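Input: a single structure, listed below in structure tokens.
Chains: A, B, C and D, in written order; residue numbering restarts at 1 for each.
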Amino acid sequence: MVKNYSVRTDLALEEKERFESDNVEIPGVVLEEDYDQERDIRVTRVEIRTENGAKAMGKPTGTYLTVETPDLSLPDEEKHVEIAARLCGYIRELIEKHREPAGNGEGEAENEDISILVVGLGNRDVTPDALGPYVADHLNVTRHIVKEYGKYAMGMENVDMVSAIVPGVMGQTGMESAEIVRGIVQETHPDIVIAVDALAARNSRRLNRTVQIADTGIHPGSGVGNHRVGMTEESLGVPVIGIGVPTVVDAATIVNDTMENFIRALESSESLKGVGEVLRSYNAGEKYEFVKELIAPHLNGMFVTPKDVDEMIHQISHTISEAINMLSSQFSHA
Amino acid sequence: MVKNYSVRTDLALEEKERFESDNVEIPGVVLEEDYDQERDIRVTRVEIRTENGAKAMGKPTGTYLTVETPDLSLPDEEKHVEIAARLCGYIRELIEKHREPAGNGEGEAENEDISILVVGLGNRDVTPDALGPYVADHLNVTRHIVKEYGKYAMGMENVDMVSAIVPGVMGQTGMESAEIVRGIVQETHPDIVIAVDALAARNSRRLNRTVQIADTGIHPGSGVGNHRVGMTEESLGVPVIGIGVPTVVDAATIVNDTMENFIRALESSESLKGVGEVLRSYNAGEKYEFVKELIAPHLNGMFVTPKDVDEMIHQISHTISEAINMLSSQFSHA
Amino acid sequence: MVKNYSVRTDLALEEKERFESDNVEIPGVVLEEDYDQERDIRVTRVEIRTENGAKAMGKPTGTYLTVETPDLSLPDEEKHVEIAARLCGYIRELIEKHREPAGNGEGEAENEDISILVVGLGNRDVTPDALGPYVADHLNVTRHIVKEYGKYAMGMENVDMVSAIVPGVMGQTGMESAEIVRGIVQETHPDIVIAVDALAARNSRRLNRTVQIADTGIHPGSGVGNHRVGMTEESLGVPVIGIGVPTVVDAATIVNDTMENFIRALESSESLKGVGEVLRSYNAGEKYEFVKELIAPHLNGMFVTPKDVDEMIHQISHTISEAINMLSSQFSHA
Amino acid sequence: MVKNYSVRTDLALEEKERFESDNVEIPGVVLEEDYDQERDIRVTRVEIRTENGAKAMGKPTGTYLTVETPDLSLPDEEKHVEIAARLCGYIRELIEKHREPAGNGEGEAENEDISILVVGLGNRDVTPDALGPYVADHLNVTRHIVKEYGKYAMGMENVDMVSAIVPGVMGQTGMESAEIVRGIVQETHPDIVIAVDALAARNSRRLNRTVQIADTGIHPGSGVGNHRVGMTEESLGVPVIGIGVPTVVDAATIVNDTMENFIRALESSESLKGVGEVLRSYNAGEKYEFVKELIAPHLNGMFVTPKDVDEMIHQISHTISEAINMLSSQFSHA
């Protein structure tokens, strides 16, 4: 209802949820959910398969994997290794999907080394936006070693070349992150880009506990910073795996949500039944007028973030770095 | 009305405003406002003179000076020097008010050197809470030089001894900031403590542009971090000037405010007059039930902050450091 | 010989070595060395037992444990856990030595909880001096939790209370670190202080691979910063375990050492035998005149440090944090 | 003499000095020195005009301006503005020298806007190598504003577009800085690159007080980090102004210098005349054997830096940022 006016979300999962609440099937969009009760990990796979599906969802066709678990924000190293291994598996799945098929047979593709450029998007100086830079900080970059000493220097038969860049934000560089990364891609020719970014969620309950991995890259308007140009295969020239963690909710979103709850409550309220009746007699547009007026304009440019955001960002960035570091060994043992 | 359930504010000015909207005079509380139109600087002085006034305001007796100006967040160095000079004047006024009178005459008091311990409260790793640490970073500390070489080493007749500490937050230290500072005060015997902290405002329009200077120190529950023990003359043993800058608004506050607007709008709405009539027939308690239900419980521990908070904190912290650095020269020229 | 004019070292081990080269036994000083060939870890225990020994060594009476291993600077997490466990054992040994004996029997002493204040000395902004602050960053501080919820909140029967402080350096605070820590000790009453500091070694080969643990605290003149007052039981009022890692060598030391080698080489040289003969005919004082003149005075205040100091400091600080974090579980399982 | 075996310097001025001590004129190299006694600023201009001169100097043809003043390390803001203005003038001179002449006449060239990419080389996490990143931090980048709103948005007729990048070091990125910057140059087409880097000096007296500005870019082997590929017009495709500040001296250099002094002293010593006579009878190669043996091999990879390096780097980086920020206004007023 009021959702037509809703602030957007960077999570495909949340986009899908909007429709589900109305029990609407979206043609061209497939959702699979897997809940591991013992470990309390929920994995949701949204496949947007058709252009119509993409239009309905407001997101490009591709695969969106969302991992949700409260363990992501707990300081339990063992669990983090477990989550990292799982994330690594999903990243690998999406990489395999996009690798150039080997000339003579599929079997060999897995034995080939791959070169990966990891892009840590965001602003290191604004805590909830520092996820990407922190992930880059903890990577084992290997490209320069493999280039200088050959892959046998690493003591493995198959070895990926990992490079990493923290492009900074436009206010610091005067350039779009996409311009910087495109230049580096054209110069260093990675097979694939993994772009890590802090996202904005619609629902504050998703903060701290959600990672989205998508083979559609990173799209404008996400998160705390404002990348105006996306980081996609179209803009960079190589496939882009986007890894996003919601760290903030737009302030206007939170107010909007509460307003929706309020209207819904008024409509169904026993004690204020009269109000509900009156409200029901007005249409969505009229109700929206209230909401628009009431959401203070100075909330634009404001975001909501948990007080322990620093700890959370450090922990989750370690887990994601670990997942990417595991990629090399996985591929090389393949 | 709903204000009885309101989330608290760290600004005496905002506490006073709550009453003004009802045109209530609070006995024992005097408010003076001075607006410099040319410079667009508004200075509000709230004096809480009696214990009754303190009770009504929920703040201890003392002087609260609030400087509001949009220039605080602009990168105009000249204006910042101007604002720093003004802040320095107010800090000095409050220091003079609390200096021990000289034994034989008041005239001499101003010629005496003073030793100041500046405390940079907050968490350096969480951007909106880093104001205090950043202020400490830019101070000219002099205590060790004066102690070693005498005040003539500084080339002035009168010279203050400035020391500074960034105590960290309880999650990092396992100690209350007040415990740490009390220990240091007892060991180094400053005449006065200036404690700088990021505050929570009620009104997001105050972010970026407001400094509160009070001779009542810093009180529990302020800002992003959670000091559970205040930083006051009572807890530290010497007078405490608190300098606070609102950098966040509690997420629940923003939602609550919008709800209040909404109810007010419903009550006066032409198009939804019926709803207003129904609402008017219910009492404050009933209305509050809605608000309480609708403010999502997971908003606890969340705060709202502007996207450019990093830049803002850096700029304002420089201005406050400068104001404190000016103190020495001011006093010594006295 | 020339060693009488030598720049001092913070490592008791190196002080002892000076004498050994002359095969001199120092009364009151006992040295034990243990080399684990398989793991390539060398542990040296220097016990200074008498005041005469202390005088000869230029260090107070007490126990100095030095752990040397090239693994300390390698990024091998498994080895770091192993080293941390070993360091933890040594720290524990020194703590046990200084614990107040329980009133009624020794057996119970081990069951008693202990409260520890960890002090991270040094300047976070100067890489080779940031060891102490980095160690503090990675500690599990527990004092505030135990104080609020009781030790059973931690799910253990015996639990230590760990608190931590990064006092900063005098140029930032205007205060001696010892003043700050003494104030905090008097306010929060820890049973013991563990002070972590970056040290200066005499021998650049010790950088990256050495940890010294001593029950005599931290002494003036150590390392990159200049603590002018020691951090000892005498100055703080409770026993102080000093943990030091050499991260720099004084520039003058390195030059001096090379000069000594040069003179020694001249004395024994075949090809320049004539020079050696002439030099042998002069006394130590005359030779020292050369050295003094040649060591450029502007080398004062300069230090030598490896180019990969950042990585090294991060790695070693993690290992030491881990060792201290292990203390709690060790003690509580005792 | 022994200088043939000398460790290299990044300062053209120091390279030239090596020859001067022998009163040798180098064909194709012109040196001009200007000393402003009142302000204690020495400006040296080394012009390497021929390939022979370049070969002799071990540096490419071009202009090397060196500004030396003790004020660079003093915290006197007024003096820093003065120095910044002077540096700005030299940078401008070198930019003008390399601007493409306008199609129809030289006069117009100065009225044309210019787009500048500032590259902050070095490792933000190693204090003496952080100069480049710190300079980038304090720049007024404008490219994105001019691109979006046009140059009239800046309120000036002529306005430069300034962008900035901190590429990181190879150990963090797996890529040569030159690869990263070349990619960005090809993507964003700046007219000129200004690359800022911390350098290694030969003489520790130059630390803290020297800035070199050259139109030959940045060359391999400089400073703390190890750029293996230069940042030059040849490698990047646009002219490169290199701004370098010596922040370290190679440890081996300092030892080597002292050895040279020692040998010189022995040769001229009254008290050890005999040694001198013997030494004089040996040739340079024999003497060098000593030096080589005596400079400990583990000094490789070690550098010498002043203890107050953090403060120094912050101050000088501000001054250089200011100089680059002044460029825009200078050019636009032209």
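General observations
The rule is simple: a residue touches a chain if its C-beta (ideal position, glycine included) is under 8 Å from a C-beta of that chain, and two chains touch if they have at least 3 such contacts.
Everything numeric in this text was worked out from a predicted model, so none of it was measured.
Listing every chain that touches chain C and chain D alike gives an empty result.
Distance from chain A peaks, on a Cα-centroid basis, for C. Chain A and chain C have centres, each the mean of its CA atoms, that are 45 Å apart. Averaging C-alpha coordinates per chain places the centre of chain A 37 Å away from that of chain B.
Residue numbers of chain A whose C-beta contacts span two or more other chains: 171. Taken chain by chain, the contacts form a single closed ring in which each chain touches exactly two others. Contact between chains, per the stated criterion, is found for A-B, A-D, B-C, C-D.
Touching chain C in their complex are the following residues of chain D: 123, 125-127, 171, 204-205, 224-226, 251, 254-255, 257-259, 261-262, 265-266, 269, 271-272, 274-275, 278-279, 282, 286, 289-290, 293-296, 298-299, 301-311.
Put simply, chain D touches chain A in their complex at residues 136-137, 141-145, 161-168, 170-176, 179-180, 182-188.
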